[in-house]
Amino acid sequence: MTSLTDPPKESFRLGMLIYDTRYRSLTIQVVALIGFMIFAAWLINNTLYNLAEQGKTIGFGFLSDTAGYDINQRLLDYNSQSSHWRAAIVGLLNTLLVAFLGCITATIIGVFVGILRLSNNWLIARLMTVYVEMFRNVPVLLWIVFTMAIMIETLPAPRAFKGENPTASMVLFDTVAFTNRGVYIPEALFSRGLGDLPILPDRDSAACQPGEDGSVDDACGVFQISLDLLLIAFVFGGGLYASARIRKRADRIQNATGDRPKTWYLRLAVIAVPTLAVLVALGFHLGYPELKGFNFKGGTHLRNSLLALWLALSLYTAAFIAEIVRAGILAISKGQTEAAAALGLRSNRIMNLVILPQALRVIIPPLISNYLNLTKNSSLAIAVGYMDITGTLGGITMNQTGKELECVLMLMLVYLAISLSISGVMNWYNERVKLVER
Amino acid sequence: MSETAVERQIDRSQMEVSDKLAIQITHMNKWYGTFHVLRDINLSVYEGERIVIAGPSGSGKSTLIRCINRLEEHQAGEIIVDGTELSSDLKNIDKIRSEVGMVFQHFNLFPHLTILENCTLAPIWVRKIPRKEAEETAMHFLEKVKIPEQAHKYPGQLSGGQQQRVAIARSLCMKPRIMLFDEPTSALDPEMIKEVLETMIQLAEEGMTMLCVTHEMGFAKQVANRVIFMDQGQIVEQNEPNAFFNNPQHERTKLFLSQILGH
Amino acid sequence: MADIHFVRKAMIEEQEPPAATTGVAGWIRENLFSSPLNAVLSILSLGFVVYVLSALLPWVMSPTWSAASLNECRELIGGGHGKACWGVIRERWLQLMFGFYPKELYWRVVLDFALLLVAVAPVLFNTLPRKMLIFSAIYPFLMPWLLWGGSIWNPVVAAAGFVLGFLAHKYAKPVLGGLTAVILAFLVPVLWWFLLAGPVADGLASVLPLALETVESRNFGGFMLSITIGVVAIAISLPIGIVLALGRQSDLFIVRSLSVGFIEFIRGVPLITLLFVASTLLNIFMPPGTDFDIILRVIIMVTLFASAYMAEVVRGGLAALPRGQYEAADALGLDFWMAQRLIIMPQALKISIPGIVSTFIGVFKDTTLVSIIGLLDPIGLSNSIRADQAWNGVVWELYGFIALMFFIFCFSMSRYSMYLERKLQTGHR
């Protein structure tokens, strides 16, 4: 269309732009680009005009203003005096937390259900089918609010635990309390703990001024990392590495002698023993929740909102993962199992050596895209009041500051960044598998 | 259908049938649901025998040899392989399966493993043979089926005939005493059928006990010492190849032969 | 070795399998107790089923159909817990279906969705007469008119735009050449819609005032709202998705980048952020003075959302076509658009139908998200029903009813899509 406006040159007819293959594709591209730019300019122009009409300006300065609202479930230090910026970070971590937990449980449940759906036990297979169809065909939002309602409506109030004849009691040797305000579980405490490591300390803040004994407050950084957890994670990671080395060694011995040494107890030991030793050294003990007044004190309080979201997202996504796992296993022809069986391999070896390596190639790409869906669906946290990034940046911050454009833009960019990293991992995996196969 | 499998003299020096039983099947019956697929099968296979099982599709011939290494379960009767009775006992099944090799119509190579890995998988994990030794054995058999140069390729990169020869080599790597062939050439193009048959004949010349479900009547005439004709889940006729082809007795056998040989 | 000669004298007749493997006992043994582990699992799951049913059935079998409030329910069941209060469903089910759509006009919604089935049928079942496709083409203009009401001339002049574009192309091509004809085919309808359509519709309305009673979008709610958003979004997203899929497969760098950028952006963000755009930003993006109502804005954003997913479905369909089809089309001398229209798209779309149905199920389920930005879809309505004094505290009955409705709808759709998939796999292509 706009090619009409292009000035014709000598020895060059207008029609050549569209009929000459040399120019045709260029013309179409230029037209598309100009069209896109006009459209974008039109949008921006409208936006600027409308914002000016409403007396708004575009800017991200509001992020350093005081947020003024509370976030009850958080991984970082945060209070109502913190900035919107920090609220967004806390929200982002909450998003990542529930996405991470959700992906793990969804995978476990999904793999389990997917395999059971293929069971030759009629009843089990049918039950799993019912589960899958029930969750797949009802909106995830409904499952989230439904789970939340179950937590609030059916669990006892903390005061039910009180008095001479309490109507409710704690479970697991009085260590866990299920209440309608959330679940209280024991917390990890360290009597000889190493304290926290402040990250990005702000030298000028009050917390960072050396006290009388010359030490600085632990809470002086932008955020703190628990040195105890860091150490435990480090030792645990070392254990995993050692265990991998033992497996490699078993492979070598098998290659050399044909006999594969039994190593599972050794592998378990190198993970468990050092980790336990560090726990003892740090004076690890559990802090139990206790009923004080009308509520529980001590222990870790898992809020209903987190639990409901976590549970509902896991169960919902697990239904899809189960189908993927089932399809992945079914995609491996029966002939593969028969050929392996005819060679004398036992069923667990057939699974490990023949079926799984092939099925995983079919399973992993759609599995990762379901992780992506779970992460995106975690934005429904807002329906149960879990303060994820949608609840903070896209919820209260947006409503308080009126900076809809900036907030929604940032929100989208955050999710986009998460999505692109996840699909980056997927592409990397696909490339790798392709190379191995051919 | 060609009258011969290969245009060469077959070396019969080692093709001896001993009087030792390799497989004994007595009064074996099998049902799929209520469908009676195998009806009162009685069959004794002696070591060194080369048996061809023929019959129209759906006659139960594949099911019969799949019962021998328990890819299918029989409901009545007895199957004894090399002195071991086939029952639901896993130990017996393992023992029999590692002594009985099987070649499938659709090759069933493991696509995620190289040719060499396909051949060494079972020796390493079942026979507990050191990898190096297993690889040497595998290369030996790959040379025998004439594709040692493909050892590091993946099955998808090979032609059908090559894949089937690898499948035979893979079975041989377990050093089986009996080989079962389930229509090994039905999924192949004509030129490729020849190369697979050549491999099978070579195996026969070395004295392997073989049970082949196949439509290759040339192979039956040249190599088999016995041809079994099955129909409707039962053995209808069995005889030496010459007598079987030249003088069939049962009406069904005559009909079948006239259809398959085209006279 | 014994004599191997054997000829069967009499064929063995088919016999009954051993009793242990047939009949109910055989079935139970095979499917429930084939191994000790299976036996344990069977007993455990049987226990589970009995437990769930024994808790659920008494709750469902509750004689509270006539109750007019939660308190009445409690009286009817004698104050005990563990029984449902079905009065709320009897009283509010129409609201859950139609929102606040005027009661006397329910027939329009019902007729609309019934006609939807008629319009979709020839697309889904190719045994039906091809002439029914004419109705499928008219339906997109009929549907909004029945739902929103207003003058009949509005949909008529909107449709006239397409007819004018087609006529312009047809008559201009022999005279002015292909390029000009295509440009005219775009330009004429646009000019018609922006400049002439309004006055013409008004003029016609004053001459022949055929109109349905207007219904404001804010009265839309319940499943009717979900279905409206879902159906409109999917219908419009299909052509957009086709264009995006072609763009994504194009050799032209800029066209491809724009398509990929759009598709990946939309697929990378949660729908809720797009709904935030609908509720807070869309009017800011539009020229000053534009005031799309919230349902229209939501439909626009859900359509964009669905388009990106649709593009991927169509791309899958295009990828599943054998190369030979493209080459054959080229060899016949068809130009790009002719090849697409006559050869590629009919096949690619047929392959894509199961994917399109799945996308529809996904979008339909996702319409529940509009409750977060304050629209009265079934979940939003359940909250407002609970806000009523009479039904304060009713949770399970409402959620259960909504879940059941979604389940029936989505489950039957997904079964249909699976049936199609099987048919496509076995059918000759």
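Quick notes on this structure:
For reference, chains read A, B and C in written order, and residue numbers begin at 1 within each chain.
Throughout what follows, a contact is a pair of C-beta atoms (placed from the backbone, for glycine too) under 8 Å apart; a residue touches a chain by one contact, two chains touch by 3 or more.
All of these numbers come straight from a predicted model, not from anything done at the bench.
Judged by the touch criterion defined above, the protein chains are all mutually in contact, each touching every other. Across the two candidate interfaces, A-C and B-C, the one carrying more C-beta contacts is A-C.
Per-chain Cα centroids separate subunit B from subunit C by 53 Å. Averaged Cα coordinates give subunit A a centre that lies 29 Å from the centre of subunit C. The set of subunit C residues touching two or more other chains is empty. In the complex of the two chains, the subunit C residues touching subunit A come out as 31-32, 34, 38, 41-42, 45-46, 48-49, 179, 183, 186-187, 251-255, 258, 264-265, 267-273, 276-277, 280-281, 283-288, 361, 365-366, 368-369, 371-372, 379, 395-396, 399, 402-403, 406-407, 410-411, 414.
Subunit A meets subunit C in the complex at residues 1, 4, 15, 18-19, 25, 28-29, 32-33, 36, 43, 46-47, 49-51, 53, 119-124, 127, 133-134, 136-142, 145-146, 149, 153, 376-377, 379-380, 382-383, 390, 394, 398, 404-405, 408, 411-412, 415-416, 419-420, 423.
Touching subunit B in their complex are the following residues of subunit A: 254-260, 333, 335-336, 338-346, 349, 353-354, 357-358, 361, 436-438. The touching residues of subunit B, counted against subunit C in their complex, run 17, 19, 29, 31, 33-36, 39-40, 44, 46, 75-76, 226, 232-240, 243, 249-250. Within the complex formed with subunit B, the residues of subunit C that make contact are 1-2, 4-8, 11-12, 14-18, 21-22.
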